[in-house]
Every structure is written in C-alpha cells, then in structure tokens.
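Next, two complexes with chain A in common: one pairs it with chain B, the other with chain C.
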Partner chain A sequence: MLEKYIKSKRKRFIIKRTIRTIPVLLIATLIAFSLMRVGGVDPARRILGMEASEEMIREFNVEHGLHHPPHIQYINWMTNLFRGDLGTSLRWGDPIAELIAPRIPITFQLMGLALFISIGLGISVGVIGALHSNTWIDYLTSIQALFWRSAPSFWVGTIFLLIFAFELGWFPIGGYRNIYYLILPATVLGIRLQAIIARLTRSSMLSVLNKEYIKSAQTKGLKKRVVIIKHALRNALIPVVTVIAMRLPFLFGGAMITEQIFNIPGMGRFIYQATISRDFVAVQSTILLITLIAVIANLGADIAYTYIDPRIELGSAEEV
Partner chain B sequence: MGEGSSYFGDEEIDLDEEMEDLKNKETSQMELVWLRFKRNKLALFGMGVLILLVITAIFAPFLAPHDPLETNVERAREPPSRDYLLGTDQVGRDVLSRLIYGARVALLIGLLVVAVSGGIGITLGLLAGTIGGWVDEVIMRTVDAFLAFPILIFGMALATALGFGLYPVIIAVGLILWTRFARVVRGDVLAIKQETYIESAKAIGESKINIILRYFLPNVLPSIVVLATIQMPFALLSSAALNFLGIGVQPPQPSWGEMINSGARFMQFDPTMVTISGMTIVITVLAFNFVGDGLRDALDPIRRGGS
Partner chain C sequence: MEMVKSHKFLTVVIASLLILMSGTIIGCIEEEEEDTLIIAQSAEPSVLNPVSHVDIYARYALMQIYDPLIQVYPDGEPNTDGRAVAESYEVSDDGLVYTFEIEEGLEFHNGDELTAHDVEFTFAAIDGTAEDKYDIDASPTSAQEGYMDHVDYVEAVDDYTVEVHMEEVYAEFLHTELMSTLYIIPKDYTIENGWDSLEDELIGSGPYEFEDYSAGDELVLEEFEDYRPEIDINIPRIVIDYYDDISPAVSALRAGEAHAIPHIDMSNYDDLQEEEEVINEWYEHPGHYRISFNHREGPFTDVRVRKAFAYAIDGPEVIDALRKELAGNTRALFPPGHDAYPEDGMKLFEQDVEKAQSLLEDAGYPDGLETELWVSEGDPVTEMTVVQEQVAESGFDVELQVVEWGTLLDEAEAGNQPMNFHGLTGGIAGIDVMEYYMGESWLSNFYDNPEVNEVVREAVRTVDYDERMELYAEAQKIAIEEDMACYVVGSRRQPLVYHESVTVPEDSLNPYMEDGPTYGWHLWEIEE
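Up next is the complex of A and B:
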C-alpha cells in the first residue's frame, strides 16, 4: 500500500520536475543568445580587422546570417539546434561541433578528476572532523576548509603551479598529453569543492550522529564504526549529492580558469578564446551546451533523491 | 572593539530575558543585534579587518608611500626593500601602493555589485512573492536558468560584450548574483503573507504598493542585510577572476586580480607580489564571511520572532 503510494507520488514528481526544465532551457537559450549581443559589438569588424572594406563586412554578415534582425537570427539558431547543428564559428569558420568535439573529453576528464579528488578528500575530511568534533583535529580541518573556500581559484592555481611544477618539478607546467597532465589542474579545480563538501559532510554527520536511531543502534551493541558508516554517512551524503549537482556550473567556470592557467586545450579555453574574438555564435552554442548538461545533472540529482530518501520533495508520504 | 566579548558570555540568561522588552523598541533592536554580534569573536575580528580596509580605501592617497601608477623601469621586479616595502612590479610600480589603491577598486566593485544584484533580486523577489501566478513562474524559472548557467563564463561573455573595464565587470557580476536575493526575498514574502497583519492591512483597503513598502520590505530587511554581506565575497572573487583574465579593470589601474596575473609572470624570480595580492583577497573574503555569519546569527532570533 505504502510502497504503491510512494511510487505514484514519485512518478508525479518526476514528470512535474521534468516538465519544469523546458521553460528553464527556453529562458537559457534567450540569455545565451542575447548575452554577447547586448553591447552592440560588431564581430565582423573585430574578426576581419580595421582594414576590411564595407563590402567584405557585408559579405561576412550575409555568410553568417548576421544581416537578419535579431529575432530571425534567434529562430534560425534554434531551428539549427533542433537539427543538431551548433552553427559555424565566426572566428575560425569551422562548424562549432567539430571545434569542440575533441575538447569535450579533455574538460570532462579534468572535471571528473576534480570531482573524484574533491569528493574523496571532502568526505574523508568531513568524517574525520565529525568524529573528532571540537578537538584540534576538527579545528584544523575546519580552518583548511575555510581557507580554500576563501581563496580565489586562479590564485591557488598560480601558486600550485609555482610550487609543484616550477619549484618541485613534480608535475608538468602545463599543456595536455595524457591524464597525468591533469592531476595538478584537477586538484586546483577540486580543492574549493572539497572544502564545501567537507563542511557539509561534517555538519550533516554531526546532526545525524546526534539523532536517536543512531544512539539506539549503538546501544544494541553494533560496533561504532559500522554504525557510523551505515547510518550516518548514508544520510550525510544526501546533501552532498545536491551540492555537487548544483556546483556543476561553477565547476565549468573554474575549468575555464584552470585551463587558462595550465594551458589545457579544453572547452573552457575554447570559450575564452571565442569570447575574446567576439565569436558570439560559438559562445552562445557552447554556453547552451554546458547549461544543458547542468540542467540535466540537476534533474538527475533531484530524481535520484526521491530514491535515496522518499521523504524529500514527495511531501508527507511517510505519514500515510 | 575586542573588549567585552567573553564578558557577555556569562550574562547570556539576562540577555534572553531582556530580549522581550528590547524587541518592542525600534532602536533597541539594533542594540540587541549588536550585543549578540559582539559575542562572536570571529565576526568581531572580521569587522575589524573590514573597518581597516574601508579606512585604507578612503585614505589611500595619504597611506600609499608612492604613486600607484608611477613606473620606474630601472627598478622593476625588485624584491621588498626600504624604498619599496613589498617590492615593485614588472614596470617598477610600488606593490604596496597598488595594493592600497586596489582596496578602493575591490570595495567599489563589491558595493556596486551588491547594489545592482540586490536591486534586481529584491524587486523580482517581491514581485514573485506578492503577485504570484505566472509572474512568479516566469521569475523563478529565470532564476533556475541562471543557476544552471556557468556564471563565470556568463560574466566573462557579458563583460566582454559591454567592453572591458570597471563598469562592465560590475554589471556582469551584478547580473549573476541577483538570483539568491530573489529566492530569499520571495521565500520571506511567502512566509509573511500568512501573517494576520497583512490580512488586516488588505481589509482596511491599503494599496498593494503600500502593503509591499510598509509591511513586506521592512520584514525582509534582516535577510537582505545578511545576504548582502554574504554575497560580498562572491562579488569580490568573481570580479577578481575577471580582472585576472584581463577582462575587468584595465591596467595601469590597480586591481588585486590583475596583480596576481602580472605577478605570476615573474613569480619564479620573486613570488612576493603573487603571494601578497592573493593573501589580501583571502583575508578580505574571510572577513566578509565571518561578519556575514555573525550577522546571520545575531539577526536570527528577530527574524524568527517576526514570523
């Protein structure tokens, strides 16, 4: 009975939540489209240079459909997107899909590695802090979390580059050949998230540890360690999942900076170069792609939630 | 400033008793907040740092030992010395003076960004909360869209489109940070809506705008103050990142982000500039975080008492 009720409620929630992403994505396309056009920049002038004749500029604009009024450009862009065509780069003249395809795996490796480092470190540090709450170990882990949360990632990247690549020579100073080149950048990218996860894990672990059922499990004679891992950690991980899904857009922004510092040919560097060249077709399509990934990740996290803990969002299902 | 923080720890019980009387008086509310705030040592420390920073920014011309824009190529990239306490940069400008003037830029950006994002966010949050319906739906889905956006990339693209410089950065970062204001204000408004005094105000026939200005706005103020403080570090970090990328404040104008970028080019010879500029940002961000946390805790009972 209860099982069935939760199932139907969950189904309704998933459908509602999925439908809600449609207006979100639609608004996102509008923002991405208008983002670089608000300043009234003329990409043709920028890309062809000051010496370009009026004729050349007109040709360039016709070639890229920029002579149409904005709303027509938007509709054209959207129709092409639905056909799977991201458009043609103004700066490089190649299809954007072709330009970013080889860069996607690099950025994903970087972000994946950063997530791996931040989750592994963050949860361990958080658990250690919670188990030794209000001791010097706890303070030390809290202080380090506080520091990384306050330090700008581009500065951390620069300093790490100086210490671990230039001075100690443990890592290459930049570029990309294999995943080894990504270890230092991924650490830089993940260390802030590590601090956030550590803080979250610590506080949710502590609140769960203080709850009754953990105490009762303890009195039943289970080993303390087992209790902690089975009950507390599982519950403590729920907010961590959301935070990771929610931080994904930030991680892309951070990836842009780290790729810039470590000279990694990923999507972030591509967006940076496209932005600087006022290649707004490339910028709008790539940003939209990233937003799409973030929206799907968020949706996935919300749905995953309903399985981890049916009480969340489904409302008062447990009272039935 | 620092005195009395431990002293008040002993008087906790008296303080709670006093609360009821104090809450009724407009002016004493501030006193109560201050009493609670004072007990948080980290918040006091943060406030001390911020006061120093504001003083530095205001009196920069008197405090800076050199002209922050004056170059001296013969003395470029010098380590700290008696002439230049923190050394010189790549074109021989005094690092300390540039840091001091950088405080001006940082605080200006921080304040204006919070003003821009707060203005947009509070207005939209009030609209979403009070009107509801499709207006609420459109505003909140826009918030969702912004939250899914890679904000740093958004800021970079917008600042570039608006032309590099101080004001494009302020607008760009302001436009990425408004969502939290909108969310919090909307949430508060929905909670206040349940209150009886709103019903009575409607019953007497007060206009909608009047109700918003007289009842909703004052009640969401504590949240706004806390949020504004908490958003400052985000404003500083995001704008510093844009300055670092060369999209924000343009040289020779000093900014901490740009100083890290320039310092990185010769950090193998002398890491002073990179280290000091970064630590300045870290300490400023920490101070804002401490004060924000302290304010939130200090204002919390009033917020709860209000709803």
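Up next is the complex of A and C:
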C-alpha cells in the first residue's frame, strides 16, 4: 500500500521500521510497570521509613496515586506519558524529567569518553596487528582482545579500581567532580569495545591490504604511511564504524554497571537508586526512556546500514 | 559512485561520533575546594525537610542548617548553651507552662531576624495548625506531630518570649524527639513562598547555609558568614556525598576522598580498625539491640517460652561475635550509666540450658520448639546466626528469615513474625523508649502490660527528673525481669570513623540529641 504513495524504497523501509517500534515500546511499558510491582512491597513504608506515621503513609499514597488499583495506575501513567510528563519521583518528590536531565549528559560523557578510548586504542591495536600479521605482535593483540572480550565488566571495574585508584592513586575512587573522574570508569567501559574494534580493524585491514588498488599504490612508489592511512585504513574503517554505531546500545547498558561501581551520578545509578527505593514511577519512566533511546539507536544503525550496502537491505527489509 | 557515497556516509557517522564524544569536553572542570569537609553517607535522606523529615540521614544535614530551640542530651535537663536559639527557659511549678526567652539578634540565612513568632510558627507547622492561624496552606505532615497532642497552645508573648501551654503535665516534653529535632523555620519567608520553599531553599539560622542538593548524589553547605560571632566555624564548606551502599563510602574514606562516615556497620568498622589512616571511635547512644517476641499470637505469648529463650542465649558471646565494644551487655532498655538504668542493675538472664529446657517443658514443649526469627540483611544475620546455634542446645529450632528492611517492617506490622531482631534508637526521652512497651504496637510486637502502662503514665506526670527516672527503672524491671517483653542483646553505642587528616575535638563527641558528633562538624578541623 505504501508503494502507491511513497516511491522511495528507503523511505518505505524507514517508515515501516519506525512503525514496528511502537509495539516494542508498548511491551516495554507493560514490563517496566509490572516488574516493580512484583512482591507487593509498599513503597511508602520503604521510602518514608520506620518513623513515618500511618497518616504520612496514607498521604503519600494518595499524593502519588498509589491508592488506585494497578490498572488505573497504568492508565494514568500512560496518559501522562502521552502528554510528555514522565511523572513525579516517589523517592525524591521531584519531576522525573528534572531528575534525569542533569544525569543524561554525565552518562553521555562517560559513553563518549569510553568511545574515544576504545576507538583510539582499538583501531591502533588492530592496525598494528594487521601490519604485523602472524608475528608475536599480532598474537599479543589477539590475546588481549580475547581477554577483554571475555572478562566480566564488574570484575574489570573492581580490578582497575584496586590497582589504579587504591594502590597507585592515579585516579579518584569514584564520584564525579570533573572529567578526570571519568577516565578510569570510561576505560573500564570502553575496554571490551576496544577489543571488538581491534579484531574487526585487523580483519578489515588485512582484507583491504590485499586489494589490487593498494598493491598498485605501493608499486607506484607512494609512501607506506600514506598507503596505510589514506587508502587502506580509510576503507577498512567502513564496516568498523558501522559496528561501533550498532554497539552503542550495549555501551549504554555497560554504562549502567560502570556508574554503579564508580558511584557516578548518571542514568545507570539513578535507576539503581530508584529500584532499591521501590520508586515505581522513576524506574518505569526511566526504563521506558532508555528503551526509546536503544530503539532509536538501533533504528539509526539499520538505516545507516542501508546506505552502506543497499543491495542487501531494502529488498529483504520489505519482508521483515 | 558507491565509493563516494560510502565516504560521505563515513564522514557523517564519524562527525556524529565526534559530536557525541565532544560531550566529554563540555563537562565543567571544577576546582577542588580546599577546607571542605567531605562526609560519606551510606544512605540519602528520605525527605530533606525541617518539618516532615523522618530519618537520621536528613537530620545529619538539617542539624547544620538549623539551630535547635534548646540543646537536649540523653541524660539530664536540657540547656541553652552553644547553638540553642533560646537563651533561657523555665518550667512552671505545676509543669503546665514552658517559657522560652529567645536570644536577640539572631538571623536566618536570608537576613530576617529570628524571633519568638518564628518559634510559634514552627510549632504550628509541626502540629498541623498553621493553616488555621496563618495565611498559608496545610503544612506537610510531621512525624513528631503526635507529641503536640499534649500541647494546648503555643503563644509568642512578645518578640522574644514564647510560651508552650500543656493540656496536662507531660514531664518528658523537653526530652522528646520533638524538641531534639525542632528546627526553627522562618515564618515570613515560608508564608510568602509556601511550604515547598522549605525543601527548595532550606533557610535556617544554623552555622551552614544550603548551597546545592543533587538528588541521589550530594548536598553542599557553605558557612553562614553572619552566624553568631561567639561560635567558631572551623570548616568553611561541607559536602555530604550520598552512596547507595556502605562499601563505596568506606572505599572513599580509605582513599582519603572522604573525611568521615557518620553511620557505619560493624563489619566495616572492624575492617577499618586495620587502616592506619582511619580513626575509630564510639560514643554512648540511647538505644539497644533486641529480639522482640510476638505477644499477640504464637508460642511466645507464654512468658515461660520467652524466658526459656532468654536463658538459652549467651548474651556476651553474641556481642563478641560482632559488636564487641560497640554494645554493652545488658538486658535493660536504657544503657548502664543512663539515669533511667536501675540502680540495682538488671537481671542478666545468663545462659542456663537446663533452666531453658525446664521452662520449655513446663510450657508444653518437651520435645523442643520450631520457630522463626526475622532479621534484616547485613550485621543482624551474623549475630542471630550465633543465637540460632546457641538456642538449639536448649531445644529451640530457629529458622532465620532474612529479608530486606522494608519487608521486615511490613511483616512486623502485620504481626506475622514470632520473633524479630532489630536495633532501636530510643530517641532520648524515657517515653520514646517506654512507649514501645505500652499498648498494641508492632514496635513492641504487641506487648501490653497494664501495670507497666500505669507506671510509665505516672512517670510522664512526674515533674521531678530523678523521680521520673526511678519510675522508668521500675517499669523496665517489670517489663524485662518479670515479663521478658523482649530480649535486649545489648545497649547501643554509636561508631564514628574518620580520616586522620581531620581533628575531632573531644567535646564534639558529646552525644547531643541522638545524633552525636554530627552536631559539632563546624568545630572539626582539616589538616592540610
């Protein structure tokens, strides 16, 4: 039906993929809403504590609509969401949008720095491995990549904390005052992605280095550095960049854990705090927001890939 | 053509990634402030509001921003020394009128003078009558509102004199949690800006002004430069860092990135004893740790079963297992040395397996008793595991139900626990401890003895302090020695751990109110 009104295959693909995100988001709202209510723990008592009187508990529940049946609470929440209102935190009493707003840049800073470290390190290691293919240098780069891909992030974080913060004192234990506080956490966060980038860069470089036009450039007498950087690496990076974009949602998930280990006041720690406080509203709204970001990121990656290799996607994507 | 398109795409994606990465540069680079006392706190206040606060974590902060009306100590009469807003007070002979003379010239952080009218307004906020007396909406509900049930009315007689008229003699009035947490709020500012301003701006008259609060992260306080000149402020800035768990707070202290932890569990307190850079101290605290028996239903409604359980426990061994010097061996509700502790001591119910078995058999359990003991996660599990092993010898097969603190409270309220274990901060007034043993309450696990109730009520009507303390001692003897209302594992002592770079004056460890040395943070010193 869309073909009638929209001629462009790519545009039809984009519209269809966008529409498919709606049920994903709806399911996410149901899961987020239901999960926090399993167990029937009373958030009012949990949040206000032992000294709160029964009247304070009652007032709290009425103020936050918790005296309604669950299905009414869900409808009220969804109604507010459509109005752009993420709700009010049970724990802190402030609009969730206001609580999240200062945390988003911190998480993005952490992710950004992690990307910077992982890309710089990963590409460098990958190129070195490719240029020294099948030597001990290559084996070393492969081993490190395998190691960091396998190591659990909480273990890496703890070890790095012990060595670089506690023992050597090079970095703060945790918290966030300025960008320096994010270097160690960003390294922890980015080290697994670095390993993926390194392996992919190595493979991609090896593939490009064997191409005729590279050999032709070499025989023409161009400097090796120019051949590697200007010709080989530039083309080898195309699939690498695509993979990086597709790994962004995973980086977001990793940031959640890293923030907790290093006590960084970002989105991840906020969700953790809201969860242990039984702050239903904050958890469900934030999970939904993160799901939305992940869905958009994935959609962006899919769309980006259609530009990379139109032969594969648009034909099959019509049936997806 | 494909190559050109791919390169264009590559350019776009790399540019996008660079924009994302450039967020790393946007982060403001803040200078580390010198002379900042950094406090690592393992939990955040539930409500940071001088009227509706409900936990000790809020009071750590509020105590810096607000000055109290009088200074209340666990023992003895309150005084008007130091930071007290009142320069004197007196109680009428019949115990029905309390008169406070407010010190002249005190200022709030916004420059308004603090007068008796602000004190009157604060009382009205606590008891929920502010909307009747002033042009303002209903105040947020205060956890201390119940104490105002004894008050007839409060009146600012003139700008510097306020009278509190009681409906009946309530001798403990000055010792209650109400008075120890009465944070004087500015009347005019609050009426003009509404009750929300209490949380948004936190205008007090204390040594520190509210600077910034990042929910879930930190609270920043700055020295109030127009504070009373006779009181030293050695620390220009305080930052309270909120952690989600005690472990990162301890890590921060070890690394010198925090100066003190005001609330620490025993496991970490023990571990920190090994750290050269950390100083461990403790101070007496009006509270205790206890096993509460369910007096409403189940096997522990029988006093023989309760006493059997008491004789089955080796109290000192339980203390040695974890708290060591941070708990005193006692069965009383008030610690030894407290004025309400019986002069002739309390029966300690030393372990006697034969007696325990005999009592259990008399109560109809010759083959022993299977039961449950509910505890929260953390330190209590360590202690109650020791109890579990001890009482097995006497015939008690105890299953530990380890739950989260919130669940423990919920289930206690519902009366679903044969026993539970928890530490209790008894406030500082006799009534604040004894009310846990009067009437139907989940806090007392439904213990209700009319004789105890009568003695406590008489105490509350007794104006003479020494006589009142004697009556509390008498009530404890009935409740514990006769009834074994609950098994007090030990009296509570509060740990304080701080970094060696900080100097903590001896007199700041005096337990003002119930929150100890946090009241004296302004007197601490940081070494360069």
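The definition used in the following text is that the second predicted complex is superposed on the first by the 243 of 320 C-alpha atoms of A that agree within 3 Å, B and C clash if a C-alpha of one lies under 4 Å from a C-alpha of the other, contacts with A are read in each partner's own complex, and residues count from 1 in each chain.
In the analysis below, a residue touches a chain if its C-beta (ideal position, glycine included) is under 8 Å from a C-beta of that chain, and two chains touch if they have at least 3 such contacts.
In this text, all values refer to a predicted model and were calculated from it rather than measured experimentally.
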>> With both complexes superposed on chain A, which partner does A:V283 reach: first (chain B), second (chain C), both or neither?
In response: first
> A:P249 contacts which: chain B (first), chain C (second), both, neither?
Replying inline: first
> Touching A:Q73, do we find chain B (first), chain C (second), both, or neither?
Replying inline: neither
> In the superposed arrangement, does chain B or chain C reach more residues of chain A?
Replying inline: C
> Looking at the overlay, does A:S203 come into contact with chain B only (first), chain C only (second), both, or neither?
Replying inline: neither
>> Quick one: is A:Q260 in contact with chain B, with chain C, with both, or with neither? Answer first, second, both or neither.
In response: both
> Touching A:F166, do we find chain B (first), chain C (second), both, or neither?
Replying inline: both
> Thinking of the overlay built on chain A, is A:Y272 touched by chain B (first), by chain C (second), by both, or by neither?
Replying inline: both
> So, does A:N61 touch the first partner chain B, the second partner chain C, both, or neither?
Replying inline: neither
> In the superposed view, which residues of chain A touch chain B and also chain C?
Replying inline: 41, 161, 166, 260, 272, 276, 278
> For the complex, which residues does chain C have touching chain A?
Replying inline: 5-7, 9-10, 13-14, 17, 20-30, 32, 44, 46-47, 52, 54-55, 141, 143, 145-146, 199, 214-218, 241, 243-244, 248, 251-252, 254-255, 257, 404, 406-407, 409-410, 413
>> Give the list of chain B residues in touch with chain A in this complex.
In response: 137-138, 141-142, 144-154, 156-158, 160-163, 168, 233, 237, 240-241, 244-245, 257, 260-261, 264, 267-268, 271, 274-275, 277-278, 281-282, 285-286, 289
> Contact residues on chain A for chain C in the complex?
Replying inline: 41-42, 45-53, 55-56, 59, 89, 91-94, 99, 102, 105-106, 108-109, 111-113, 115-116, 119, 161, 165-166, 169, 172-179, 182, 234, 237-238, 241-242, 244-245, 260, 263, 265, 269-270, 272-273, 276, 278, 304, 307-308
>> Looking at the complex, which residues from chain A come into contact with chain B?
In response: 20, 23-25, 27-28, 31, 35-39, 41, 146-147, 149-155, 158-159, 161-162, 166, 246, 249-250, 252-254, 256-257, 260, 268, 271-272, 275-276, 278, 280, 283, 287, 290-291, 294-295, 298
